[in-house]
Structure formats: structure tokens, C-alpha cells
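Next up, some structures in C-alpha cells.
Paired with chain B in one complex and with chain C in the other, chain A is shared by the two complexes that follow.
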Partner chain A sequence: MFAYILRRLLYAIPILIGVNLLTFALFFVVNTPDDMARLQLGVKHVTPEAIERWKAEHGYDKPLLVNAEAEGAAQFTDTIFFKHSAAMFAFEFGKGDDGRDIANEIQTRMGPSLAIALPVFVIGLMVNITFALLMVFFRATYLDLWGVVLCVVLMSISGLFYIIAGQYFIAKLWNLLPISGFAGGIDGLRFILLPVLVSVVAGLGSGARWYRTIFLEEIGKDYVRTARAKGLSEVRVLFRHVLKNGMIPILTGAVVVLPLLFMGSLITESFFGIPGLGSYTIDAIQAQDFAVVRAMVFLGSFLYIVGLILTDISYSWVDPRVRLQ
Partner chain B sequence: MSFMPVILWTDALILALLAGVLALVWFIRRHEHLRAPWRNVAQRPMAMGAALVLTAFVAIGLLDSLHYRERLPDSPPDAPQYSVEVLSVFDALVGELRTQQEKTYSAPLATRLYAKEFVERGGVTVRDYPRLQYGGAHLAHASEHLPDVVRRSLIGLAQGLAASLLLFGLLAAWQARRARLVFGAWLTAWWLGQLGWPGRTAAGMMALLLVLAGVIMQLAAGYHVLGTDKVGQDVLYISLKSIRTGLVIGTLTTLVTLPLAIGFGIAAGYFRGWVDDVIQYVYTVLNSIPGVLLIAAAVLIVQVYIESNPELFDTAAARADIRLLALCLIMGVTSWTGLARLLRGESLKLRTLDYVEAARAFGVSHARIISRHIFPNVFHLVLIAIVLDFSGLVLAEAVLSYVGVGVDPTMYSWGNMINGARLELAREPIVWWQLGAAFAFMFTLVLAANLFADGVRDAFDPRLGGRR
Partner chain C sequence: MDTAVALNPRAADVPESREPLLEVSDFSLRRGQAVVLDGVNLALQPGETLGLIGESGAGKSTLAMALIGLLRAPEVQLEGSLCFRGTELTRLREADYRRLRGNKIGLIFQDATAALNPCFTVGEQIAEPLKRHLGLSKWDRRERAAELMHSVGIPEPRLRLDAYPHELSGGMQQRVMIAIALACNPELLLADEPTSALDVTIQAQIMELILDRVRELNSSAIFVLHDLALGAQVCDRIAVMYAGQIVEEGPSERVLASPLHPYTRGLKSCVVELGSRRLEPIPGQIPPLDAMPAGCRFAPRCPKAKAICGEQRPQAEIRDGRQVACWFID
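Now for the complex of A and B:
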């Protein structure tokens, strides 16, 4: 087990290097260090000297990938790519263009992101499973049919609509909750409720429908027939047998997104003014802050790979037939 | 010539796609085993109704894809000059809907502007809601407003019903001849639902669409049916123009996805070994980068390219078009991994089957094994993925345009409509029609696509069999 995890972590390194190279290439095709300096300095202060100074301050005054002037290993280490990317593996992200420390920023913004994403994940999972089980209980009746149709209708509505409608009706018209904002501690609860509610409703359609097919697949299996043949009631079959076995694909499927919860949601956070990592990323995209975007890409990829490893582990944990080797 | 045809990049691709689909239909019609699942799709009422709605959307989208530029009226005949504005056949058909521009917001079917202005009335200047320039301009007095709306709606309703009756009669006569039935006998079978396909749903949906079209056309001749937006443009026109953008994103993106997913997915599963390792490495890397960031970077690249090469694009439409194409490309590049993974798993299974082993023992080449034995057996997965992805892509456009990395801001799209209407609900009284129209159109298209996709999936997925 330990050896397996270690090998998977080592395998993650080439992937992270690939991710880094790709984002690096993409962003430096878009704008050269000169463009970045011009953008950051503003129109008024652009002089060749100012650009050179900005580049020197931010470490962009070196060649991109290969430094022909240096010797030996320094040919590759004394470059923008190496200086800005190698440090990431030690989680040193450096400073954003606004001069703030990115690692620090990530630490403080992770809390608000989690405050939204974690409840959405847990409540969403429970609500979806409840709905799916209800539909399965009434399967092959009109209730089930209309349940599925309702799911498809919910799926077909744009996520932006849920947010805009939620903000308009609940916050503006009925004044039940604040439209947007965030506060720490117990006061923060009223700010969190609306985004959580909206996100859960927005995810209900696709989630419940997917879980319904999982449960239906379980219900066709032999052990369910055996359980019924023993004379167990339908409710007992459903809760004791089908739910338990159906949870295996549901939970292992959910594990992969678990670490990514730290990243928050781009759209929800920017609409509700939550100072989390999602809105941080959007601001960075719009300001073309390369350092922040690269740090977020690295963090996202890292968490995704952690999620993949966790998924494998959870498979072997719930299903003893799966061996990790 | 009084006009010059313009073929934008996406137009060409759409026409190529149309030709491809028609060829595929022709091919399927000649093979009974390929026709059977499609007949199964046609037997489902929901799928049939959804298909009709989709057809209406596609028809508008196709009309809107035939572009041209008008000749300037005062240019000499031997050296004609053309307007910089790129129009489409759809623009020509809707005529005045495009040009009748008001000053600013006005509510649906309104006769007056939404904002108060100073107006001269009998020599005195008063502050009032001024009459619209076009909406309800034919009315002499405000009291005629409601009767006129009702009258026009009824005329439209009657026209729609008449048209659907006529169309139904023609189609029924044709179908009765094909089924070798007396017309009356066919009608009875139709009414009792014994045709073997959902004839009543199809007729009902057709009538509904035609009546809707009739009413809207009647009303649009005198009013702004869905109101006007901030600069006074007709919201109905904007919404209809946005259909093409949605369809382009939903279909062309898949066109980019398919070769990548099919090629890499089957190669990884069939060849295994280092090919599999490399392909898995590539898709893990792509998968682990948050999609929005990749799309943002790519859209910025294109923006920089367009701005630094203005001489390549003669019109604003061409610029917006190339950005739309780039968006489709990059969305395709980020979204092929899911299907590729599925195809890899399926090919891994298929390659061990007896008939593939036998083919290999006979010395059949890899290319031939893949094209004759593997690909036809994973094709249903590809088809299901195409129809399932479509609706997701249409919805994604709105989100990306909101983030600012979607289609060009000058392009008509539901995402841009929503983005532009962001603050309209905060006004007093609120302006709801632009948001409402964008969401309603998007919802209709996505719902129809989802219902159709369900029908296709149930008919093609052998695992579901007859279970549902």
C-alpha cells in the first residue's frame, strides 16, 4: 500500500511538469514579459528603463527556456521557466503582480472557498441520493417518470439562471438573505445559505438522475432477488442492500472531486462576492496575472492527482477484491 | 450583382457538417441493421417531439449561416463596392425586425418607451413616456392597443392552424400512400395511435410550432414582441440570431473532439504498451488543468493575434467568427478526454474477443482491424457522446461569456445577452425581458437536445436493451 502510494506520487511529478510547461507555453505565447510589464506599469509610466526594471524586479529578465550565456547546468536553471516553476514543487508560489504573497493569499482564501464548497458537496450528495432513492422506490410508475422528466428540466436550465433567480427572489424581493458578501464565524452563516442553496438546486437534476441509474443497475442484480425471495420488505431491500452497494460507485466517484473542493467555484464565488480561491482565479484571468494563474493551475492539478490516488485507495478499501500493486 | 456572398469559416464548416450528416443518413438508410435503432428512436414520443423542436432551431441556424454583403447603392456598376455589414438570408427574411431600432428599453408589446423624457405636447414641454418610433406606431389611440394585440394574435393563431392543417393533410396523404392504406383508414390508425410511430405527438408538436410562428409573425409586424434592449434593439431578433452561435458551439466543438477522442482512445486501447502510456500521460495532463484557465489562455492568444493582424479580417463579422472558431477548437481540445477514456476501455475489451484474434491470425493489418472490427463496435458510444455533449456545450457558452472568455462581445449570443443584462434586475422597475428571453431560448434548445439525447441513448445503448 505504502509503496503504491509512493509510486503514484512519483508518477505525479512528470504530470505536474507537463502541466507547468503547457501553461507556461500558453501564457508566454499570449504576452511576452515586455507586454506584462507594460500592462502592470500602466500607460503613463512606460519607458524602456521602467520595463527593464520591472522585469528585473519580478525575475522576468532572463531567457525563457535555455540560457545560452550561462554554463553547465545553469543553462537550464538560470531561466524564467526554471526560476518560476521549479519553486512550485516546494509550494513556493512567489508574489502576484499586486505584490502580495500568493501562498499567503491561498491560505486565507481557502477557508471561504471551503465554507461554500463543503456544505454544497455534503448536502448535495444527501439530497441527490434521497431523490434518487425515492424515484427508484416508485420505479416504473408515473411518479418515477415525472421525476426523471423533472431532472431533465432542472438539468436544462442554465446555472446562471439559478444564481440570478435566487439572488433576485430570495435576496432582493423577499429580503430573506443578503444578496452577496462574506463574514467569518457564526455571522457568516447567513451569507453562506443562499449560495449553498442555489448550488445544491443547480446540481440536483444531473446528480439525482445519475444516482437513479446506479441504483436501478443494482436492483437488477441477483442478490436483490434473493433478498426479496427471503421475504424482506421492499423498504428493507432498498435501504439495507441496494443503498449500501449503490454507495460504492457513488462515493468512489465523489472522492476524486474531494480535494478540488479547496479550489472553490469560479462562478458562484464571483456572483456572491465570496473572497475565495474561485474569485481569486477569475480576477487573475481578467488582470492577466500570470504568477497567480500558474499557481492556481499547479494547485488544481496537484489536487486532482491527489484525488485520483484517493480514488484508487477508496476502491481497494470498499472492495477487497481490488488489490493495489 | 447586387450582393456578394460571404463564406465565413464557421459557415463553411457548418455546410460541410450538413453534407456529412446527409451522407451519413443516406448510408444508414441503405443498411437495415443501422436503421433499426433509429426507428426505435422515432418510436419514442418525447424524442420525436424534441427532434421537431431541434429541426426548427437548426432551420433558423442554417438560414442564418448563409451570409452576404449588400452592394452600396451609389457605387459604380463596373467597380462595385460592398457594405461592411455582413447580413444573412435570415436577416433578409425577417426584414424590418433588424432595422426598427428604438431609443432604449421598452417592455414586450409596449407602445411607449420605458424611460421618461421631455416631450412637446400642444406647445408645452412635459415629462412623460414618449411613444415608440415603431412599436405600435400604427395605433391612433392608446385604447386600440389591447384589441389590436388580441386581433393580431387571433389572426396568427388562425393562420398557424390553417398552415398546420394543410401540411398535415399533405403529409397524411403521402404516408397513407406509402402504407398502402385508404386515407380514412390511415386517419383512424393515426388517431388511435396504431401507426407504429407517435403520429399524434408529431402532429401536435408541428401544429404548436406553426401556431407559435404565426402568432409571433403577426405581432412582430407591429410591435416588439419581446421588447427592446438598452440600445433599443429588438430582443426577439437578438434571441433568434443567437441560435446560430449556440448551434455552432454545440456542433463544431464536437467535430474537433471526435478525431482526437476516437484516434487516441482506440489507439491507446488497441496497441497498449508505450502508446497507451503516452496517451494516458497526455490526457491526465490536460485533464488536470482546470478547463476555464486553458480556454482563457487560448482565447487571449486569439485576441492578440486578431489585434496584431487586422489586415486579415475585412469585416467585424469575420473577426468575431474567427474567435468563435477558436473557442470551438479549444473547447474541443479540453473536452476529448472523457470520450477517449471510454473508448480506450472498450477497445481493451474488444481486442481480446475471438473475431479480432482471428483477424489478427489471418494477418489483417492493424488499420483494417481498427476500421472494420473495432470502430463499428464502439460507434454507438461515439454517437451517444455527441448528443449528450451538445447541451452541455450550449450551457457552457453562457458561463464562459460571463467570465469574459467566451464569444466576441459584438456577437449575438445568449451568454452575451445575459452578461449585458446583469444589472437590469437591479433597476427600478426591473427590466426582465432580455434575461428572460435569453434563458427561455437557451432552455428550449437545451431541453429539446437533452430529451432527444435520452431517446438516442436508450435506443443505442445495448446495456439498457429493452429494460426501460
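Now for the complex of A and C:
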């Protein structure tokens, strides 16, 4: 098990290098520092001097890969690639355009992101599974049919609609919860409730429908007939035998997003004014703060790779037939 | 008399007057328009074993599933009566039926690998009916599960209690399946082709095991089998099924020695002449459910069929101590 994880982590290194090179190509070769400067300074009346000054201020005035003017190792270290791309391996992301340290910013913003994303993940999973199991329990009846119809309707509506409707009705009209904002500690609970509720409802349609298919596939299997032949009630057959087997694809499918929860949700956070990584990214994109966007792309890829490794490990946790070696 | 029965619980010694454990009368099962089981009559005395023989699609599994109540309305439509220990099963409430399932009626499936839940240990799976029907405590369940595993010939049962099904061989899995079916000492055991998914070398062992356990518990059993000779060898009685009907039913020796129905004859000659297990005794196959002949369902394939066979359905007659449904019993 330990050897397996170690090996997977080693495999992850080349992938991360690839991700890093790709980010480098995107941010410095395709979109050169000159382009960045021009975008930042506005298209009109940009003098070459202004561009050079901007590049110097932001540390983009070095050569891309090889610094011919430097001596020895500095030939390779005193470059944009080393300072801005390779440094990301050490989670050194440098500073954003606002002058704040990005790594620092990520650390403080992970908390608020998690405060929303984690409850959405856990509650969403439970709600979706329960709803799916109920539909399966009433399978081939009108309740099941209307459940599926509801799911399709729910998943056809844009996510923005849920946010706006939630804010309008629950916050504005009925004054039940604050419309947006965030606070730390217990005090923050009232700010968290609405975005969590809205996100769970927005995810219900697709989640429950998918899980229903998984459970329906399980319920046709022979072991379910055995469970019934033991005299177990349908509820017990479903919530014990079918649920445990259905959890294998559900959990392993969900685990991959687990690390990405740290990054929060772009849209939810910006609509609800959550000072998390999601709104940080959105703001950076709008402000064309390339350092931040670059950092978030790299962080996202890194967390995704962690998610893939966790998925493999989770198989061995939930499925007794799988042993890692 | 009683001791004689206990020593040799074979059909011939069981007095006719005893209340049958199971009585199936005029039992039909429909799936919408298709009549899958048509007027089945069977009686099973306590301690008796019955072999249900017939080719693929005859409705053997359907009958077994109907008996244990896993095929009921509204999924299928039932007619006639299934009387078990004086209880009418077709009208039994689902909750009461559940009290019989896995308790008084046990079922062994063909493919144990698929029939066992891959996510639970075999100990947990054997313990489930013990909890459901006998209400044993956790510790007692474990003890009893180990005993049951021992009784079905699983070596070192205590070590295997916490094994998952995939860690056992196919034969061991089928033994676990048998332990589950017998956990609550059922009075009726249904075994749907219990050995056909297994390696030929262990088929006999498993068959022997089930028979031993059934005799020990003095239970009745219905074995669904493909092979007439095997059925006659291991069961007290034989019921030959064709296209949802029982064409001949009676004591094993007599059915095998002198089959009365042309279909049974075909089955027998197949076994004798080819010596193979494959069932293709007579050219042709069972007609599809939506195109059943109006008269005798076997008529299109029968070498002795006359005009009447195609027109009218023969009623089962008692002849030579067995029931036969044919117009021309000679």
C-alpha cells in the first residue's frame, strides 16, 4: 500500500513537469510578457519604454529560458522559466499585481473556500444518494417517473438561476439569511447556509439521476435476489446490500474532486462574496493578473493529480476485491 | 413406521395419508399475455426430495422463484394454489412471506459467485438470516455461522468467516450459499441447478453435500436439474417439465425405468444413447411463449402426435402411481 502510494507520487512528477511546461508555454511563449504588458497598460499609446518598465516592475524582463549575459548556473536560474515556472514546484508563486504574496493569499483563502465547498460536497453526496435510493425504491411507479422528471428539470436550469433565485427569495424577499458576505467562526454559519443550500440544489438533478442509474444497475444483480431470498425487507435490501455496492462507483467517482474543494467554486464564491480561492481566481482573470491565474492553473492541476491518486486508493478502501500493489 | 421413515425417508415408505408439506394445485403463472407456468400440480411430503427436470426455458426456475415468493403480483399474475404447511402462499401478505423466506424455505442459486454480495464477508452473509429470523446476538451469529460453515465442509471456518467471497473458490462459494440457504433449518429447500456453474470434478461432491444436509435436517427439497438420470439417482420423485407444464411426475425409479410420456422417453434415450449431459433429446425446441400450441404443448415435436394432440390439451391422469399428461399413454 505504502509502496503503491510512493510509486504513484513518483509517477505524478513527470505529469506535473508536463503541466508546468504547458503553463509556461501558454503564459510566456504564446502570451509573451510584451503582450501582458500591452494588455495591462491599455492598447493605445503604449511606448516600448512603458512596456520595458512594466516588465521590469513585474520581473518579466529576463530571457525566457537561457540568460546569455549571466555566468555559470545563473545562465539558467536567472530566467523567466526558472523564476516563474519552475519555482511553482516549491509553491513559490511570487506576488500578484496588487503586491501581495500569492502563496500567502492561497493559505488564507483556502479556509473560506473549504467552508463552502466541503459542506456542499458532503451534504450534496448524502442528499443525492438518498434521493436516488428513494427513486429506486419507488422504481417503475409514478413517484420514480416524477423524480426523474424533476431531476431533468433541475439539471436543465442554469446554475446562475439558482443563485439569483436563492438570493432573491431567501435573502431579499423573506429576509431569512444574508444575501452575501463572510465571517470566520460560528458567526459565519449564517453566511454559509445560503450558498451551500443553493449549490446542493443546483447539483441535485444530475447527481441523483446518475446515482439512480448506478443503483438500478445494482438492483438487477444476483446478490440482490439472494438478499431477498433471505427474507430481508426491501428497505434493508436497498440500504444495506445495494447501497454498499453502489457506493463503490459513487465514492470513487466523487473522490477525484475532493482535493479540488480547496479551490472553491468560481461562480458561487463571487456571487456570495466569499473571500475564497474561487473569487480570487475570478478577480485575477478580470484584472488580468497573470501571476495569480498561472498559480491557480498549476495548483488546480496539482490537486487534480492528487485527486486521481486518492481515487485509486479509495478503490481499495471501499471495494474488498481491490488490493493495491 | 416412524423409525422406518427416519432411517430411510424415501418416498415409497412415506404413507399416503400424511399431510403434504407442499401442495401445488393447478398453479399458473402469467407474464402479461404469456403463460409461463400452466396448471402445475405437485405434492411434496415432509422429508421428500423432488427432481424438477426439463430443458432450458421449461419454467423450472420460474416455479422455484414463485415458490419462494420472489415472483408475485404485480410483476406476474398467479392463479391456482401454492399450499405450504397449510398456508396459502399466493394470498400471503408480503411481510408474512418474508418470515418464511430464508427461514422455512431456503433457496440455493446456480451461480454462487454472482449470488453472493461481493462487499460483505461470508460470515456476515451467513449471519444475516440468523439475525432476521432467529434474532441471534452478534456473538451467537458468529458462532452459528462458523458451525454452519463447518457443516457444509468448509475447512477452518473460523478463519474463513472474515473472508470475502472472491477470496474463496467456486466450490467454496457454493458451500457458503448452501450454508446461507440452510441457516435456519428450512423445511423446504429449493436448489436451482446448484452444481451446473461448478467444475465437473466437484459437482458430485456438492450434490452429495446438499443431499446429506437435507437428510440430516429431515427437510424436503426440490432440485432443478437438467439431467434425468442424475435426478432419478438423487431424488425420491421426478417431475418432468415441458413448456411450463408438468408432463410426467412420479417416483424416480418408475419414471426412469418405464417413462410413460413421449417427452420423458426422449429425455431418457438421450441420456442412454449419447451419454452426454446436453439436452437435445428430440428435434426442435420449446415453442415461444406467445405461440404456444392450443392442445398439447409438446405435440409439434412429438413422434406419436395425432390430430387430437394439436387440438385439445390432455389432462393429467394418474397411471401406475404417477401423473402423466398425454393422450396416448400405452
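Everything below uses one rule, namely that the second predicted complex is superposed on the first by the 281 of 325 C-alpha atoms of A that agree within 3 Å, B and C clash if a C-alpha of one lies under 4 Å from a C-alpha of the other, contacts with A are read in each partner's own complex, and residues count from 1 in each chain.
Basically, a residue touches a chain if its C-beta (ideal position, glycine included) is under 8 Å from a C-beta of that chain, and two chains touch if they have at least 3 such contacts.
As the structure is a prediction and not an experimental result, all values here were calculated from the model.
Per the definitions stated earlier, placing chain B and chain C onto a shared chain A by superposition produces no clash, and the two fit side by side. After superposition on the shared chain, chain A has more residues touched by B, the comparison being chain B against chain C.
Looking at the shared chain after the overlay, A:293 reaches chain B, while chain C stays out of its contact range.
Residue contacts after overlaying the shared chain place A:223 against chain C, while chain B stays out of touching range. With chain A as the common frame, chain A serves as the apex of an angle whose CA-centre rays point to chain B and chain C; its value is 80 degrees, to a multiple of 10. Looking at the shared chain after the overlay, A:100 reaches neither chain B nor chain C. Touch criterion met: A:285 reaches chain B, while chain C stays clear of it.
The superposed arrangement places chain B and chain C with a least CA-CA distance of 14 Å.
Overlaid on A, the two complexes show chain B and chain C touching no common residue of chain A. The touching residues of chain A, when paired with chain C in their complex, are 221-223, 225-233, 241, 244-245, 248, 319-321. Listing the residues of chain B that touch chain A in their complex gives 281, 284-285, 287-290, 292-294, 296-298, 300-301, 304, 391, 395, 398-399, 402-405, 418, 425-426, 435, 439, 442-443, 446-447, 450-451, 454, 467. Interface of chain C with chain A (complex): residues 68, 70, 98-103, 106-107, 109, 111, 114-120, 128-129, 132-133, 164, 166, 177, 180-181. By the touch criterion stated above, chain A contacts chain B in their complex at residues 14-15, 18-19, 22-23, 26-27, 29-31, 152-153, 155-161, 164, 167-168, 172, 220, 263, 266-267, 270, 281-282, 285-286, 288, 293, 296-297, 300-301, 304-305, 308.
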